[in-house]
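Worksheet: one structure, shown below.
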């Protein structure tokens, strides 16, 4: 309905999404690391930033298809991040790439499929369900909100905005949880009261998507 | 942050280069992707042992590459698991046609990255097995966590499985030995002070001037309990008893014992801990057949220590005593 | 003060007991007066090497007792020279009829206490010689000071003279070798942080969060200069160059090099220093024939490092390579 | 002339002197160590206290001659102190004992000879002259003052009081000096501005002598 739904999602929008995600992580690197310091090992910000910067360097040039761009990100994250988030986000982008392989532009439903595949990849690799205080707690509600909004006929822009809000709320909701997956799980009860760092990076990813995929400046 | 480093980003690369320069007779260092390989690798017909993990635990793992121990080590960034490329390229460089055994400390990141690497290698037709080390009894509720962390026991798995591989054992056999060690080894650690990850630049956690953390992880992950500082003898008991109980060690059994420094602890203090450990085990009729006292698996400059006990039998002792020649562990050569 | 100790007064006794318990095959510990002796001492017909000094520098000296190195070590209180009784009783316990060589680090207290011990032993008819180690180039004006301090070079003197004694060299010959090493070895150290002597309970000196001390002594004695923290490569140059210059090392010469941690420095950082040291020496055409990287002569939990270089020739390299089996140094066995 | 010159110096006065010296060092242990922290290795107080406490335990019983008491102190200091001060004070007490060997009571001249021998022992062992910022800078003026006062007919009490003052002044005078002996010499110019710890322990010894040897409560 809004003007931003005008053009379909092409490679340049995907590129803008990846850039925005990298920018957000770079800007909030210290915050991500500080969250990880509280209940992990103080590297989530550095890890994600290192990987996304490498991804930017390795992005294929203009005209690349969405799937190729996402695959390049996947390979960069797998080869550069390490830690838990490397294989998790790496697998997510690999699955996202596969979900849209061969398409030059994506319909709203393709975008939803892309994020659904990403979530499935993370859950397969990491075996975490909801409520375990991980990035899944941000991504799963985001994917649900995206689906639901599109189903009720919202524009992609609106739907992504709702997904981003859902991610943020899901991340907020990790604060009172006790972690049962990943490094934070070693803290047991002491993990309560802290936001899960991966849920924040996942939120940044969804916010980057909302700000770029449905239009807006392509950089 | 006070460290002998140049640039935060270069810490692991430069230290790995230094290791290579200091021990050219033992190891060869490759840069991209980063791994440390035995100088004489590949040893044809020998099972290749590969380990790795975040850096900051030196001498683990790079210091244990060499004859009778690891064929390759893959150092990640400080406290960050290595990436699959490292294990894949290391495996290709060192495997001698008899298969590859990954020795993986049980951390979500390590497990997943080694898993990805194993998938990629299997696809290339290289036989890969993995043994998980999960010996940290500080993690009590392994059902509700990512499971016990791999800590000091890793040194024992690497040494003993390394001896079996060096002696020409098959992949099945080396895997069996590695599992036997990991099934019979337990550890627990504590910290007097935090460490500072270079990329972060400030201490991972804060401890009061009169506080200590019992059950600390090797990345500065908080432990079982934060409490007031106690005398070394009491601390030793707090670490040793859960380990002994968890192993179910009984009178008449023998162990290989390690009193490990976290990186910033004077050796003087580690020997004070060893003294009490020997007393505690002696009172229970448990014999320390072999021991290590020193910095074997560290957390940067953290002050503190850990105790590791391995239930030993003749097979494990024989493999323990077998010659080893690496930058950090050497005997019989 | 955060330390793994029980009572301040018991630190050295308990640590020495721990050393004895951990290495009964190598050393025997006596309590009153306190010394650490080779388990198989006295070795008949062998020159007995005895060293000692304040504690807090572990593994020096107790960790260097054993085959191919020291016959006995006399640990004083932390940073306090031992008393003559210790050296006298140690010498009586370990001398094998071929004379005794004292290896003394050049500190007023050590020198005088060993001197008193030598006088007492000579009076009992035991031949005693002393070799002074004074290798610290940080002390510039040795005319106006108590002379250069004995630091890292001590490890080299103990290893190499130890090998000569083990090979059956006469007292004259062992003394000649020890002097040759001490004449050709130089060191310089630096600190990032202070250490805390247990009996005092607070840091010996204060350094700002961005400061370091160049030319530090192993007791936390202030050094040449206090300055802003610099990158590891620059620090390495600041330590290595005065050592190279003082030795007058020339292109084509070879050295045994040690990058030593002060006790609280991660091995990771020591390898970063070694990397640069290798580059500096390489650029000057000086070959590192052998090296040690690790904690060999420490200052409790001080963070920092020192560099020691020994001008090596075939004789010294042969003795360096000779088997050694002590708690802290082992090869060829 | 004063009443305190009444009785000659017997073993019990020597015992009182030793006790007083030990008390003063115990009381000022932290001060001695703090001075040593500034220009040495922070152990002078602990060293001297450990040695003097051992000396007290080993003192021969009532009726012991001055020389025997001093010799017991010497042996205890040599076996227990370590560091530089152990052999120095040990040699000092050994020479002092020798200087009065065989005497049951000491005349003022014997007391002067005792301290002169002590100083000579320290200088022979440590090779330090005056002005090198060591205990010699307190002891040498004290010995001179003692001699001079007795020569001009002062009582032992007065002479020892002057000696103690001279020691204190000598110690004060070490503050601006640059050390050229002992551990402090490594500091070079940076040793200026700090009192030499050994000069303070030597002052305490002379003050203990002044308070006990010429009479007064035998502790």
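To keep things simple, chains are lettered A, B, C and D as they appear, and every chain counts its residues starting from 1.
Note that in this section a residue touches a chain if its C-beta (ideal position, glycine included) is under 8 Å from a C-beta of that chain, and two chains touch if they have at least 3 such contacts.
Going by UniProt, the chains are A, B, C, D = phosphoenolpyruvate--glycerone phosphotransferase.
This structure is a prediction, so every number in the text was calculated from the model and none was measured.
S.K.: Would you kindly count the fewest steps from chain A to chain D, each step being a jump to a chain that touches the current one?
M.R.: Graph distance in the chain contact network comes out at 3.
S.K.: Of the other chains, whose C-alpha centre is the longest way from the centre of chain A?
M.R.: Greatest centre separation from chain A goes to chain D.
S.K.: Report the inter-centroid distance (CA atoms only) between chain A and chain B in whole Å.
M.R.: 33
S.K.: Taking each chain's centre as the mean position of its Cα atoms, how many Å separate chain A from chain C?
M.R.: Centres of chain A and chain C (C-alpha means) sit 56 Å apart.
S.K.: Would you please write down the residue numbers of chain D that are in contact with two or more other chains?
M.R.: Chain D, residues with two or more chain partners: not present.
S.K.: In chain C, what residues contact two or more other chains?
M.R.: 78
S.K.: Can the chain contact pattern be summarised as a line, a ring, a star, a complete graph, or none of these (other)?
M.R.: Topology of touching chains reads as a line.
S.K.: By the touch definition up top, name every chain pair that qualifies.
M.R.: Applying the touch criterion to every chain pair yields A-B, B-C, C-D.
S.K.: Considering the complex alone, what residue numbers of chain A touch chain B?
M.R.: 33, 37, 40-43, 46-47, 50, 78-88, 90, 125-126, 178, 180-183, 185-188, 190
S.K.: In the complex of these two chains, what residues of chain C are touching chain D?
M.R.: It comes out as residues 33, 54, 76-85, 107-109, 112-113, 115-116, 138-141, 144-146, 149, 197, 199-200, 204-205, 217, 219-222.
S.K.: Which residues of chain C touch chain B in the complex?
M.R.: Touch residues, chain C against chain B: 2-7, 11-12, 14-19, 21-22, 55-56, 58-59, 63, 78, 192-193, 209, 212, 229, 231-233, 235, 263-275, 278, 291, 293, 295, 298, 300-301, 303-305, 327, 330-333.
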